[in-house]
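Before I ask anything, here is the structure I am working with.
First chain written, first letter: the chains are A, B, C and D, and each begins at residue 1.
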């Protein structure tokens, strides 16, 4: 197992639950999944990293790219990342200032609130 | 952690609880422990392999050596080995015909019964 | 300990597992520090894989890992085109919109920040990155 | 995948972990078969360590590990004195008291029994043991 992406549609958003390791090997899978959501006109995508046990700068890069891509399509990206060891990697790269790292999917406000 | 040996004296026996991997690196530790029991005149030693997650032929060799050493001192050795994957290694070497592999420490009969 | 692995992304996970397990043999290594080590090794090996791919070199990547009591030294060697580690450009500040245009460019700075020492020897025949991490967090 | 490890017993656990993890990259490998693989590799590397120690050679041991779909090939190479794999004596039958006088002598026969193929090339400069294990149990 490297990276699995499970798609779970909610009322006003789509949650992509990632399981595995988000590195150079896993990156294409996530990139693909986000491209598909943007192409389908999805406005609010939530990346749930709860079950990701490793992320490196390649993985962070895909998350940055996902945000850019969705914004280009007038959408928004939220990131769920409760695990301190993973949060630390975002922080080391100052990306905690780009993304709010939510503790759980339920804590993510709806798109209207965030806008 | 490689191999830890915990000594637990009971009424009529001494249980050596092994934790870790029983290979060329762990073997000297177990050998030493058995030598000490034999030298102290211990009559019934129980090797509890429940928490051993690997054994190879070097490990089996030490178990065989332990039996021989204790018998030389008029003692007896019992082996507790509930884990199928470990039992398989004994079986592959026909050593399940030399040792009764008990499912738990409580299943080991007292020395008088076995004699 | 020396490891020769195919220059393929599927092997990154294995390299991290191996380097982590090697570090785990040192009882003094802080678990958080092992996590740092897994991260910087992943960065270095990813760069080595990408560097070789950029010039179509299929050689395996060499990873050396030497724990020594209070520190661990990891070396990653590739036969890529080489680069000047002193002139890797900084990314735009995180506050700016341009920052989002960059999906890459964090690896070298992460290695520098997390390792106690990071030495890059690079030339037209390839690159060796040597990372030293002490057993406790920085 | 190639691994160069110090010829020391403390590294056995790591070698088993690495070879197990490499095999784990092949989805077709049966978990029980990975356990067999860990066992035969432990036997081969233990023999390599003991062989080199017997003649005071401090060279590292080379472990090559190539998964390929439905099987995995592991090679263990040492610079020990070599031996004649064809004339390793059998142990006394388990029913006999003499069996207990032998604390060793099970490794080669275990490798032969568990591997689908076990090839030993041995000479005065050392030994290479090549073990092939199919992804399903025998």
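For this structure, a couple of remarks:
FYI, a residue touches a chain if its C-beta (ideal position, glycine included) is under 8 Å from a C-beta of that chain, and two chains touch if they have at least 3 such contacts.
Just so it is clear, the structure is predicted and the values come from calculations on it, not from any experiment.
Each step here moves to a touching chain, and the least such steps from chain B to chain C number 2. Relative to chain C, the most remote chain by averaged C-alpha coordinates is B.
With centres set at the average Cα position, the gap from chain B to chain D is 24 Å. We define each chain's centre as the mean of its Cα atoms; on that basis chain A and chain D are separated by 44 Å. With each centre defined as the average position of its C-alpha atoms, the distance from chain C to chain D rounds to 31 Å.
Centre-to-centre separation of chain A and chain B, using mean CA positions: 52 Å. Among the residues of chain D, those in touch with two or more other chains are 10. Residues of chain B found to touch two or more other chains are absent. Working note: touching chain pairs come out as A-C, B-D, C-D. Against chain C, the residues of chain A that register as touching in their complex are 2, 21, 23-25, 54, 56-58, 60-62, 64-65, 67-68, 71, 85, 89, 92-95, 97-98. Contact residues of chain C toward chain A in the complex are 9-10, 12-13, 16, 32, 35, 38-39, 42-43, 46, 49-50, 94-95, 99-104, 106-107, 110, 113-114. Contacts from chain D toward chain C in the complex involve residues 1-6, 10-11, 14, 17-18, 21-22, 25, 60.
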